[in-house]
Structures are given as structure tokens and as C-alpha cells.
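Chain naming follows the written order as A, B, C, D, E, F, G and H, and within any one chain the residues start at number 1.
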Amino acid sequence: MDHSLDELFADVVAGRLSAAEGAERVRRLGYASVGDFALLDVSRAARKGVPEVVFAEGKTVEQVVAITRRFLEHDPVVLCSRVTEEQAAALAAEVDGAVEHDPRSRVVVMRRAGAAPRQERGAVGVLAAGTSDVGVAAEAVAMIRAMDVAAITAFDVGVAGLHRLSGPLQEMREAGVGALVVAAGMEGALPSVVAGLVEAPVIGLPTSSGYGYGGRGEAALMGMLQSCSPGLAVVNIDNGIGAGATAALIARAAAR
Amino acid sequence: MDHSLDELFADVVAGRLSAAEGAERVRRLGYASVGDFALLDVSRAARKGVPEVVFAEGKTVEQVVAITRRFLEHDPVVLCSRVTEEQAAALAAEVDGAVEHDPRSRVVVMRRAGAAPRQERGAVGVLAAGTSDVGVAAEAVAMIRAMDVAAITAFDVGVAGLHRLSGPLQEMREAGVGALVVAAGMEGALPSVVAGLVEAPVIGLPTSSGYGYGGRGEAALMGMLQSCSPGLAVVNIDNGIGAGATAALIARAAAR
Amino acid sequence: MDHSLDELFADVVAGRLSAAEGAERVRRLGYASVGDFALLDVSRAARKGVPEVVFAEGKTVEQVVAITRRFLEHDPVVLCSRVTEEQAAALAAEVDGAVEHDPRSRVVVMRRAGAAPRQERGAVGVLAAGTSDVGVAAEAVAMIRAMDVAAITAFDVGVAGLHRLSGPLQEMREAGVGALVVAAGMEGALPSVVAGLVEAPVIGLPTSSGYGYGGRGEAALMGMLQSCSPGLAVVNIDNGIGAGATAALIARAAAR
Amino acid sequence: MDHSLDELFADVVAGRLSAAEGAERVRRLGYASVGDFALLDVSRAARKGVPEVVFAEGKTVEQVVAITRRFLEHDPVVLCSRVTEEQAAALAAEVDGAVEHDPRSRVVVMRRAGAAPRQERGAVGVLAAGTSDVGVAAEAVAMIRAMDVAAITAFDVGVAGLHRLSGPLQEMREAGVGALVVAAGMEGALPSVVAGLVEAPVIGLPTSSGYGYGGRGEAALMGMLQSCSPGLAVVNIDNGIGAGATAALIARAAAR
Amino acid sequence: MDHSLDELFADVVAGRLSAAEGAERVRRLGYASVGDFALLDVSRAARKGVPEVVFAEGKTVEQVVAITRRFLEHDPVVLCSRVTEEQAAALAAEVDGAVEHDPRSRVVVMRRAGAAPRQERGAVGVLAAGTSDVGVAAEAVAMIRAMDVAAITAFDVGVAGLHRLSGPLQEMREAGVGALVVAAGMEGALPSVVAGLVEAPVIGLPTSSGYGYGGRGEAALMGMLQSCSPGLAVVNIDNGIGAGATAALIARAAAR
Amino acid sequence: MDHSLDELFADVVAGRLSAAEGAERVRRLGYASVGDFALLDVSRAARKGVPEVVFAEGKTVEQVVAITRRFLEHDPVVLCSRVTEEQAAALAAEVDGAVEHDPRSRVVVMRRAGAAPRQERGAVGVLAAGTSDVGVAAEAVAMIRAMDVAAITAFDVGVAGLHRLSGPLQEMREAGVGALVVAAGMEGALPSVVAGLVEAPVIGLPTSSGYGYGGRGEAALMGMLQSCSPGLAVVNIDNGIGAGATAALIARAAAR
Amino acid sequence: MDHSLDELFADVVAGRLSAAEGAERVRRLGYASVGDFALLDVSRAARKGVPEVVFAEGKTVEQVVAITRRFLEHDPVVLCSRVTEEQAAALAAEVDGAVEHDPRSRVVVMRRAGAAPRQERGAVGVLAAGTSDVGVAAEAVAMIRAMDVAAITAFDVGVAGLHRLSGPLQEMREAGVGALVVAAGMEGALPSVVAGLVEAPVIGLPTSSGYGYGGRGEAALMGMLQSCSPGLAVVNIDNGIGAGATAALIARAAAR
Amino acid sequence: MDHSLDELFADVVAGRLSAAEGAERVRRLGYASVGDFALLDVSRAARKGVPEVVFAEGKTVEQVVAITRRFLEHDPVVLCSRVTEEQAAALAAEVDGAVEHDPRSRVVVMRRAGAAPRQERGAVGVLAAGTSDVGVAAEAVAMIRAMDVAAITAFDVGVAGLHRLSGPLQEMREAGVGALVVAAGMEGALPSVVAGLVEAPVIGLPTSSGYGYGGRGEAALMGMLQSCSPGLAVVNIDNGIGAGATAALIARAAAR
């Protein structure tokens, strides 16, 4: 609408359109005024500073490559999550730009060729309670770093050994983390414990580990939501992308 | 925005604003262009022909009266659902306009004083499987009639006596109903059966009758969603208002 | 029964059957009087104008072919849903008639050889929120078109970019759609939004995308049922066939 | 204990044991008196007239063969349910006796070589609502026939075509069925309908067909439990064996 | 239809109706042939020998009295379940006929004044596991006796004291019970145990006792459905009426 | 059986019964041998050392008094749980013996008049995470002490303040507790934490505190079951009686 | 430990304790070193800057007053949530300090008499979708303001009228909010929509409004967790306190 | 901390550190005092006498080998659960020490080369209800024996044949078992029955057998939690490791 608006007003000033006609034009847009809204929205990635994410699961290699290319036209950074080895290889081979791929997270981060060098601003601490939570935690890390925020990680800390927490938490405090992501499955107690120990807000990230009653992340999600530790909010089971994005937004704001 | 748009263009034509300034004004609106959208939206009731509904449960008598009055300034008809006897009495005593109140439905329909006389267009058949489904079915009837669509009712038909269906269905066919609302609790089989017998679309309306496993409408909702009868769609448990509105929209369109 | 009834009475009048024998014949029908009912029912497809559907999942190639052939003897159009590539190929090769197969929908539409040319009557708008909702939406489209109703589609509109809605909705309005099918997974918000913007009834079609708590369509179904947008009814998760049939019935009636 | 009891008393009478010693022997049995109970119990199959069932799923071919052989030493008839093709072949090849195998039911019925010829007593009607319910219904049939009760079947009757019921029900009435098993998935309405039409008790057999909300038999089970049709009791989802056994027990008693 | 059919054909033979008119008459019945079906259905109580039941919960005293009177016009026996003290008193005072009221069951059995003296045929054993299961078990007893079947009861037998079972079961065997109703809440194990000990079919009746996980009858229902005891079928939680009706039907058939 | 057995054999030896008749007598006992079993079972309370419990909720004052009296004839100690104030007063006034009543636990412990003085053997530690868990924890304490096991309590320790644990745990260790009961609602993390710190087995006791998703004890139960702390087993939500009984059994054995 | 440590070392230096004794003292602390931890923890409120909260539901007036007094000894600000009118009056009358009480939120904020004047730092935007969400949103506001963070509110914005959002969001942007709390029941779509429009992180706050399937906040929670809007994290249903605390922590950090 | 503490005090005494510096050193440890806590915790296996468990599912062969080796450096015994054949072979080939592998349990027990010979102390009885429960029961046995506690097993006892219990229970009593583990799927009744018969505490171990409603262990878990048998506590579905560890802890204490 931007360009046509200038021309529209030029036409009115030039007498090519009457004032009434000009008003009518804008008025007629009717739903098109929603289009303005859309223009802003199209640039959601730019506005929020959160890269677009291509959920690769269930998509063909061709689809993933094509969608990634299209996004890269608009955005300097794009994430592809839950990629197969084959999809990751195709992205590396067929899409221009820098590729970062951490097999644990199954995330590929594509940066447009020639994009401005990154400067990290703010930091997030990312903890994983157990080995089986590392993949989801790594997904959060990939998003955080793609948002040019530093990620300080401590995987496999476990609740069983609360003492193992003291070192990493001290390190994260010293790094001035603005937020923490804490991934945990099973009973999911770690985020509550951490939220009781640190000053920064904590994003609880339940993971789908565990079996039997409350398995596949259900007990973890429930426990985090029931927790009375202040400063703890959660995302859905296995949603490392979402946890990372929220934590990075917080950390970036805190670092301003 | 309408009025200011005319003035804006008048200002541009009159030279009080340059073309660039005019464009900038509109451009600056940014989110305000969402405001256009809002103007349309404010008139949702008029546009969709579905009256606004005041959910009275948990509101004070004063709140219900005040909200109803405010809506009546914009709309010729307003519904208050789940009203208590006290709320119904207050609406009748304190709000101007015609009041219709069916105690079974616990709905009060308020029509603005001096509103144009209604003309029914289209017809909906409303069936209730059992005595305990009548209240929810009556809620649908209240909405249908408030939308100036005829409602032909047959309550207490039951699945157990499928034969009891033939008379009402014949009557509804002859009345040319464009849609049916079929309320049922327990196992909720009636909507499926009806959808297999009539040509018109059926809105399944599960009710919260029944106890034990699948009680409180759960089995009814599930059964309707699992049904393979063609032309059956559902609303939520006890949502007579929603079922009536959808059926009346369909019937009105079919009667055009 | 119609024909034999005339003959039966002719036989009685002609003395080929006594009155008692005639009464006995009808009486013996006993449940066969239910059979009258059945005769109507057998022609359900004709009566409702909704083609029979062969749910191919879990059936052998031979079974699918045989059942399809049998249905085609009675009905001019038959759908096979959730077909494999192999089943689709067999239908094309071994069943007489015209075959339409959209791999996204996994539906094969069989039209009897020599069936009367179709004339579209009425139109339905079909929207899909995301890429993963396209298959189910395409299933609805297949049914709509098999019912000789026009389908205007807009896939991948997304709630995130509400602006993307304005164009398709305008096009659908201009085409005079009598109903819309809106497919959405995840939180399933699109049908509510659309129902708030359009005049026509909306059939919400939750899809089994999404993972974690509320995944596999549960949050989408719940959200649509909880919605207070007027004119929104729903079908079960992934039931594109049912959504298409109901929407097409509505649209056809509205187009009369 | 039976045999040793006679000997025990013979020993007492013969003076080989004193009265006190005899009493002590029985007294010492202590929990062994529970053993009496066990002796009866071991012959559960004989007592109840319900053959033992080997649930073959998850067992090796060798295990199935060995367990079946062991049961056949005590009982004239043994069922193996959910057998694979390979297990069925091994049973036929390696176990002595007559083999009946219906691939639809995945049940193998083994009759001991030289077992007395069967005489049917009583009859059960078995109905299946749809094609996907046939396997589970056939499991019930296998059990009924293994209990030497006649099974009269009508598969694929469907609720959509209630008229299709009249013929089979008439036939079953004429055969004097003492009970009916009615298998249905999806919304599971057929058992309710049948229980409203017949005099005999009906065993509702929900099957795990159907998808989405209420899928995998949940809606069917709920609907049957919510039904207010008199004379309807249910078994668990896909438990054709249990439905058949209960119905055959009823029919046998009614035929006495 | 029977009588009018003879007359109809007599009219045709007599020339009072042409063959075409006769055929048209039958043809016109159309849905009326469903009406025949209805005539049978109206007499459901007579046909199945199961009295109609007025579910009194949520009904006014006047409604319960009125509905009961109407049913008594057609049927010699009517049950009112879940009655309040006030409803029970009104039924006794205002409805003609014999009243039986067991406060534990909250069931009132009304027998039409002058109804034929009852003769019991068949017998059902009714067991309740604990004190809190007695009310629901008594509901079953009320239905069984209203169906003129003997009920032999043993309440408070409990699983914890399996030994307490032996006396009652022996008594029931000697009375020749054709079926048993076994009510149990909590983990609901009693029906399984009983079904393993008796020859007759058992109707498991879960009751809504118990709290916490699996409380309100859920664990009881689940446990009964998971049981592998042969000859056990279940009804819904707290559905004593249904359990009694099914058991009485079985017992009556077995006693023939 | 004991006495009659001696007489029976005496009769055989004396020739008053033949050997066959003696064997037949025992054989005929059949289910009566189950009666032996029952005799043991009747004395369950004595055998297991766990007092009988009268669940008072939903019972009348008269019923509670009567049942308690009956149990006291056999057992020296009886518990009444979930008593109202009125029931507690009636027990104190109308039942002979010593009464202990802790209003927090709503348990009344009745000791038979003249029962032997208690001697504590073994000790259990009982912890409650928060104020709302105290009632359920006190229920466990009442059972433990009724079993003559010492109970060392620490209520309101909370997970939020893990440090508050060290004192109580040290005290419990020094008292030589053989087991711990740890009551917690909300996310229920305390039992896991304690099980990781102490050597003795821990009985997790989820309480029905908490609201929203996972409320009413569901998250607490799930979390305890998902916990990987060794030596942690659980009872149902709010089952303080059960937790106390199990813990006291363990502690008593450990103290032997 | 702080003070005694100085004295301990002084004693060692002064020779009142040997080095070995000093080491032993610290060593013996053993779990007491956990006590250090506790000392920090006791001051959790101070450390995190989140006031302690007394959950008043189910507590007596006396308990609420006593606990509040005790907390006020340590902390300058204490919240009491879910207070009754009576509890609120007692707090105002009997506890020293300034009282703030918003009846909508049912939260009382107690500030210690003579506490330092507050200075707001940072701002949070709080939105409520509907009238029934206001109470929970007001709970969040009470916490935010108790944390000396500004709260800018917009209640009753609704999703149905998305346009109503533009004004409040613009105001919040201009106020530089560091985070938003968005309360919504029913389908809970508002937080997703807002998170797509604003740069700041959003805390989704599901409320227990809504009935039927997905009612009582379940659909709202699910929908928020399924949302793919970046920067959205959630708290449990009706947990306004938790949402406010997390949002205020974020806003405070962003305002530094 | 131990060693440095001695040195620290020596330094203070020696004047190498002032009293204030010494206090500061300890004070600075701050979170490091949590480290003390950790030192204890690191030796959790030693302290509790429960070996560490490597959950092998989802881990690579290399990971399982590496983690096992690391644990064996600290602990004399380590368990690997849910191992594949390949993982078991690698452990046997590549890790030093004695290997015990029971394919039914899928557990490998590794004992450090040269570890002290084991001496059994205490005994646990382990029962499995059916064939499909044996694997999980065997997992418990592996843990019990790894804890040097005797395990007396009776698999396939079943509830259907309660008599089969008497022998094994007698044997277990005679062996002086201090606790029992009872594994059961389906309706999971066996643990309740056993807890009613034995004096020792029972750990209920639900297994994920069973299908349909309540399948995969849900009914078993619920039933055990609902049981009112005294002395029964449960672990999660299929958690043989946890059941074994708790039972062995109890038995060991009882054997002291």
C-alpha cells in the first residue's frame, strides 16, 4: 500500500482524483486495509526478531528446500527443525548461505549468504535434567543462537544430584543470563528447583521422556504448571524452539 | 476512520496538508488501519444477522441489565442466556422493549422498543431426544426465533421409539426446514439417525445428561463426532445458542 | 415395493390373489414393512445427494475394487477415501468410469461411465491453516466437487498472518459461497476467526497435526467447540469427507 | 485331594493312622485346604464349560504350541486367539487333534483327537455393524461354536441401514437365539438399537475402529454404557472372546 | 396395520377401492409403515418384559406423578428411580396401585391396581462388595423383583474376606440362580472373583465409590472390563437398573 | 473345622462313620474348605497387625457407632476415618474404651477398654510439604500410632525451602525410622527429594491440593510415579491410612 | 552461620578451639551446611524480589492473619490471594501496615508499616479477553504492582473484536512494557494473537471459564501450548499470581 | 571439602590466614557449601545401597558402554535396563567385570572385577500374575539380586487360580521374605489379594499388558491404588527396577 498511497495522494493533489474519490479509494479498500496490517505481519520475523521456522517433519526434501529458500529471500536467518539427515544434507548442498547443524537438536540454521556478521546481545542459560532431554534442549539452544543471543549450557545436571547445579548456575549468573531454559522429562522437577534458586525468569521445557502413567512428558508438564516457584512459565512438551525464542526475547530485552 | 478520511482528503485538496503529509498520515495509522476492520467488526451482529448474547451466569443483576441496555443501543435484538428468575424479572422491569422469556431455556430475548415487526424467513426443525434435553433445545429455539427464522419443535422423541420420529420429520419436511437441530444426551444417537433420514443438514447438540463413564455429555459428543451419517456437524455440549445460530443461518440462506 | 405393490393389487383385483392372500402377503412382509423404509434407505445416496464413501484404509485392493463396483451399480458417483497408491491404480485400471485422483487428499472419485454431465450448483470455500492441513482439506474438496458443488480453495493462509485471509475471503464472497470449510490443527484458531468475518456458516475441520499436550488435533477440536463465533459447527478430527458433505449440502440448498 | 482322601480314611479305618493323625494330616494341609479349591479351579474349563484361551499375541510359535498341548491334556477344546499365520500353521502341523481356523477371527480352535462329537445346544445371534467389525465378531463366533452353541451371523448390517436388520433379526428369532452379540465401532449405536428390538439379552461388543476424538473404540464403549436400552451389557473393546463366552453361557442356560 | 389391511383388501376386492387406490393407500403409508414398527415399539415394556423406568432425578414431584400415571395406563408395573423422599410420598399418596419403596435403592415400584398376582419365575443372585455399594445393588434388586424374578441377596461380602463368599454363593447355587449381579466400587475385583467361581453369567455393576485416581467408579469399571474371567459382562457405573434388567432377562430365559 | 475334624476322625475310628463316609464328609465340604481360609481371614487384623478401619464418610452416626462396636469385639484397636464432629462425639460418648481424636486428621482411634498397654516398636517419619497436606499426613500418623509404632513428624517443610528438611531428617535418622511417609500436593516433588536423601524406604502420599491442570493431586501422583529416586513407592491420593499402614509394617519389621 | 563462623574462627585463633576441632565443627555441620543454603533460601522473597503469597482459600481468618504477620516480619510486602470478604476485613483491622484490596482479584496486598516508598520500575501490559477473565487478570495485576512494576490494563478486549486490541496495544507499546500477561478462557486464542503482534514476551494465562468439552480452562491451556506464536509461554489455569510474578520479573530486568 | 577444611584451619592456626580470612573463605563457598551436599550425593549408590541404573533404551551401544564404565569406577555394581541384544553383547565384551544377563528382564548386571563376594541379606518374594508380566517381574528380580537380597519367584500364578498362590506364599513365608513384589497387568488384582494374605508389605507392580479401555497398565495401576488391602504401595507401570529396589531396601532392613 505504501507506494500506491504516495501516488494516490499525488493524484489528488494533481487534481487527477477528487478528494471524495481519494477517500473512496481508501474506503473501498475495505478489507484491503487489513492488507496494511498484513504488510507489517509479513515482516513478523523482522519485527519480533524471531526467525521463521520450517517444521520439516512430514515434508519432502524438495519442500523443505523450497520453503527455506523462499523465507531466506525475506529473512537473514531461517531455522528448519526436526530435519532428517537427508533433509539436512540437501539444505547444505542446495541452499545458498551458511549452514549450522547440530545433530542432537535436529535443527538446521540457515543464514543468508552475505548477511551481516552477528553480534551477540544478552545470554540465556540452558539446562537439561537428563541425557534424554538433551535433544530438546539443543533445539532451544539452536533458536537462541540464531537470535544472536549467547547460550550457556549445562546438560545432564539432574535433580537427583542437586549439587551438580551449583557450578553451572554460578557460571550462568556470572555470564549475566537474562533468562533460563530448563528441560526435564519424567517428573520434571528441575525447572521448579532452578526457579527457586535464580533471579532470572525460567522457561520450563517438559520433554517427552518417561513411560507409564504420566509418561511422554505429561507428568513433567503438569508438575511445572503446578509448581509454586515464582518466575516459572512453560511451553509445550518438546517445544524447544518455543522455549528458546521466548527466553532469547527476554534476555535480549534485559541486555538492552 | 470514515469521517476523518473525508476531512483528510479535503485538507490535502485544500493544501492544508501536502500529498506526502496525507500519505504519511494514513501510513502512520499503521495499526489504526486495523481500526477500519474494527468498525466493520463492531457491527458483527448486523453483518451476520446473529444477535449478541449476554451469558448471564455469574453476572450480577445490575451487570446483566447494563450490558443488555448497551447492546440494545446498537442492535434491535439481544439474548440473555442462562438467566436466573431474578435476572429475568429485572430485564423485564428495567429494560425498554419487548421481552420473551421461556423458563425452560433460561433465555430472555429482548427486542428494542419500536423495532421493525419481524418477518420469519426460513425454518429450522428442533428435536430433543428426552425430557432432560428440552432445556438446551429450547435455548436453540430461542436463538432461532430471535433470528426471525421459524422453529418447528418435537421434544421427547427418543431413539428408543424411532417410530415417534416419523410424524415430526414429515411435518418438518412439509414446512421446508433448511436445517435441523437435534439435541441428545446419554449415548447421543438421535442426531445420527435423523441425519440418515432427512435431506437437510443436521446440527448435533449434545447435552450434559447421563452419568458414569461418558456421562455429562461426553459420550453424546463423541458419538456424534464418530457418526458416519452425512450432513451432520456438531456444537459443544449444552451449546444450544450456537446450534440455533448455525442452523438459522443455514435455513435463512436456503430460504432466499 | 412400489412396482410389486401395483402388481399385487392388480392380482387381487384380477382374482389371481384373494383379499386374504393379498393382506397376508403384505402382512408377511412383517419386518419387510420396515423393508419399505429400507428401500428408501438403499437409495440414501440419491436422496441426500451425498455419494457413498468406501473407507479404503485396511481393505485389500480387491475389496476396494469390488465394493466400489457394487456401489457404482446403484450410484453415479462413489468416493474411495484414504487410498494407497496401489488401490488408486487398481481403481483406475479395473473399474469402468471416470477417475479423479488427488494424491494430497488420497481420495479417488469414481464416476459411472456414461453418467450425465455434471452441473455445478452452489459453492463452498475451503481454507487450510497450514501445510499439514492441506491433505484433510483436499479430502473435503474432493467430496464437495463429487457433489457437483464448486470448491474455492485457499490453502496455507495461517492465523499468524491474518492479513492473508482478506484476499481469499473476498474472492469467496464474490463467488457466493454458501458455506466454508476451515481446516486447522495445532490450536485450531482459524475457523473461529473466519466465522467472525464471513456471513456464511463455517464447518470447522480439526486436523491431527501438533504434538505434546493437546496434540493430534485435540486442542484444535476443543478450541473450535469452545469458540463463541456464531455460525461455527464442527466435525471430527481429520474428517474431511464429513466436513465437505455438510458444507456442500448447505451450499446447494443456499443456491436453490 | 480326592484320591488321597479315600486312602487317608482307609488308612485310619485300617489302623495305619490314628484318628488324631488323620485329623492332623487334614489340619496340616492348612493352605492346602485351599488346594481343594484349586482342584476345582484347575477344572475351571470343565466346570464353566468355557474353554481355556491362549492369547497368542507376543508369544513365540513354540510357546503357543507348548501351552496349547498342555491345556489339551486336561480339556477337550482349547482356543488360541490373535494368532499369526505362522502360529496357526504350527498348531495345525504340530498339535494332535482337529483344527478350525478362521483367518478373519485370527482364532484357532483345537479339539482333542478323539474328543466326543459335539452336539450344539442353544444358539447365539452375532451381528457386526461394519466391515471393520467383522474380525472381532468372528472371534466371538469362534468361542460360541467352541462351546458347542450355534452361531447365526449377520455381518455388515450397519446402523445407517436399519432396515437391513429386519431379515437377520427375524432369522435369529426363528432360530430361538438365547442371546445376541452385537459388534460395533465408531459411535457404536447398533447394540442399543438391537436391544430395543429383540427379547433376548444383548452383549455389546465395541470394536477399535474409528479415528479422532472417541476413536479406537472409546466412543463405542461409552455409547453402549450410556444406552438406556434394557437388556444390554458390554465387554471391553475388541474382546470378542469374552462376548462370545458370556453369550454362549446365556444361550446354553436358556436352551436347557 | 393388521386389521386395516384385511379391510383394505376387502374393500379392493369389493370394488370399494380400485387396485391403484389400494396400492396408493399402502404406498402413502410411506413413513406410516414405520408407524407399524412403532406400534410394536410402543409396547416395548410388554414385549421385553422390562418395565418402563422414570428417572426421577431433576424432575418435579408433579412431573414424576404425571409420567408414572401415564405409563401405568399401558403397563402393569412402572419403576421410578432416584426418587426423593418427597417424590416417593407423592407417588404413594397420589397414584393408584401398590407401592413398594426401598429407601436404600431410592426406587419406587408402582403396580397397577388390580394387576394380576405376580408369580416369580427364575432367580438372580445379587452381591454387594461393601456398604457403599448397597444402594446401587438394591436398585438392581428392585428391578429384578419388578420383573417377577426372585432376588437372593448377599450384601457386604467384600473381596478382602473371600471366605464370606462361600455361604452366599452356595445358597444362590441351590436356588438355581440363572445370573448374578455383583456390585463393587474401589478396585471392583469382586465380579471377577465371582465369575471365576460360579457357572452362571455375571453382570458386573461398578459403583461410584472410591476417591483419588480411579475414584468414582472408574477403576471398578476398568477392572471389570479388563478381567479375563469368562462369563462376565458389565453395565455403566451406578446403573443398577440396567444390571437388574439384564440379569432378570437371562434368569427368566434360563428358568423356562 | 478344627474341632469337627477331631470328632469326625473319632467317629470313623469308632465305626460310627465308614471311611467312605468320612472322605465324603470332607469332600462335601467342598467350598466349606474355603471356610477354613475364611477363619484365618476373619482374623486379618490380628494377623497383619493392621487395625480395621471404618470409613465414616456417608455413614450415619448410628452406623459408625454400631460397626465400630462390632469390630471392637474382635480387635483391640479400631480406626474411624473421615469422621464428622458429630460422629466423633458419638463415638466418644457411646462406645466403651479409650478414644483418641485428632481433628486435623478426622480420625478417631478407639482402643478397647482394658486392652493391654501399648508398647511402641519401630518408628516412622512423617513429613508434609505444606499446610494443606497436614490433614492427610495426620491421617497417616493416626494409623501409625494405632499400630504402636512411633511417629516423628515434620509438617510444612516444603520443597521451596529444602534446607528446612535437614533438621527433621537428621532427627528422624537419629530416631532410627524404618520408613518415611511424605505427603505432598501440587507438583508433589518432596517425596522424590526425601527419597534421594534418606536410606529408609519412602511412601509417597499425594494429596488433593492444587487446582487447574494436574490439580486435585493428579500432578503429585504422576510426579511421584515418574520419579527415579530409589526406594519410593506410593499410595493413592489422600490415602493417609494406607500410607501409614504400609510404613508402620515396614518400620515394625525393621525394628525386630 | 555467618555470625557463628566469625566467632568460630576467632575461637580457633584464640586457641579456644584447636584447628582440628574447628574443622570438625564445620564438618559436623554436615547437613547443616545445607543450612547455609537455607539462610539464603529464607530470604527468597528478598533475593527474587517476588513477595511471599499466602493462599487464603481453606484457611481460617486467624491462620491468614497469623501467617501474614509472620511473613511481614521478614518481608516488606506480602500478598494474600483468594481471600474472602471476612479475611480481607480481618487483615485490614488486625495487621499493621498499608492494605490494598481489589475485590475483583480477591488479593490483599499488605505493606509493612514504614516500608520505603515504592518506586515503579518497568511496566507490564495486562489484557483480559472477556468479563469472566477479569478476576484472574486482576490477580496478576496485584502481584505486578506489589513488585513495584507498573501495570497497564485492558480488560474485555475479546478476540471477536480484534480491532479492540489496537488501541490498548499501542498504549502499552508507548509505555514501554517489557512483558504482557494475556488472560483468556474458552478457546483461549487471545494470547496467540497478541504474541503475533507485539515484540515483548507474552505470558498466557488460561482461565477456568467455559463449559462442556474443553471447559474449565482446558481448551484455553491446550490452545496456548499448541500456539506457534513466538515469545509465548504459559502458566497454569487461573494462576494469575504466577503470571504476574514472571511478567514483572521480565519487565524489571528489561527496565534496568 | 574435608581435606581442605583441615588445611584451612591449619592455615588459620599457623597464622597463614587470619580468622576473618578463614571465615570469609568458608562464607564465600556460598553455594559451594551445597557442594558438601553434593559429595554425599555423589555417593548416593553407596549410601542407599541401591546400584545406579543405566536406562539403555534410546542410547547407542557406545553410550551404554561408556556410561556403565564410568559408573563402575565409583560403584561395585551397575545395572543396565531395557538393553538390546547388541547392547548386552557389547557390555559383556567391552566392560571389565562379571556380567549377568537375563533375557526376559532385558537387564544386564555388571559387577566390578574383583568386587567383594556377595552375601545375601534378607529375601523378597516376587510374583507375576501372567506370562506377559514375567519380563517386568524379572527386572525387579535383577535389581533385588544386584542389591544382594535373595529373590524367591513364582511366575504365572494368576488370580483366576488363587489356589496356585498357596504353595508359593508358603515357601516365601518360610524363607522369611521381608517384602513382596507382585506384578500384574489387566485388572491387576493379584497384589491386593496377596496383600490380604501375607504379613509383609507388598509392592504392587502394574504391567502394561491388556488392551482396550484401561489397557496398557492403566486399570492395573488404578486398581492397585484403589485397593483397600493394608500394606500395599505401588510403583509406576512397568517400573520393575523401582519395585525391586524398594522391596529390597525393606527386606534388608527387616533382616538386620
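Basically, contacts are C-beta pairs under 8 Å (C-beta built on N, C-alpha and C of every residue); 3 or more make two chains touch, one makes a residue touch a chain.
These numbers were taken from a predicted model, which means no experiment stands behind them.
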(request) Walk from chain C over to chain H along touching chains and report the minimum step count. (result) 2
(request) Please identify which chain has its centre, taken as the mean of its CA atoms, farthest from the centre of chain H. (result) B
(request) Give the pair among G-H, F-H or C-E whose set of contact pairs overlaps with that of B-C by over half, matching residues by number. (result) F-H
(request) By the contact definition above, name the pair with the higher C-beta contact count: C-G or E-F. (result) C-G
(request) Report, in whole Å, the distance between the mean C-alpha point of chain B and the mean C-alpha point of chain H. (result) 60
(request) Report the inter-chain centroid distance for chain A and chain G in whole angstrom, where each centroid is the mean of the CA atoms. (result) 25
(message) Centroid from C-alpha atoms only, then distance chain B to chain G, rounded to Å. What do you get?
(response) 40
(request) Note the residues in chain A that touch 2 or more other chains, in rising order. (result) 31, 34, 37, 41, 44, 160, 162, 196, 212-214, 218, 221, 225-226, 228, 236, 239
(request) Spell out all pairs of chains that touch, sorted by label. (result) A-B, A-C, A-F, A-G, A-H, B-C, B-D, B-E, B-G, C-D, C-E, C-G, D-E, D-F, D-H, E-F, E-H, F-G, F-H, G-H
(request) Over in the complex, which chain C residues touch chain D? Could you list them? (result) 30-32, 34-35, 37-39, 41-42, 44, 55, 58-59, 63, 206, 208, 217-218, 221, 236-239
(message) Touching residues of chain G toward chain C in the complex: what are they?
(response) 159-160, 162, 186-189, 192-193, 196, 210, 212-215, 218-229
(message) Residue numbers of chain A touching chain G in their complex, please.
(response) 41, 44, 47-50, 53, 178-179, 196, 199-201, 203, 221, 225-226, 228, 230-236, 239, 242-243, 245-246, 249-250, 253-254, 256
(request) Can you check the complex and tell me which residues of chain B touch chain E? (result) 131-132, 160-167, 169-170, 211-214
(message) Looking at the complex, which residues from chain B come into contact with chain A?
(response) 2, 5-6, 8-10, 12-13, 18-20, 22-23, 26-27, 29-31, 33-34, 36-37, 40
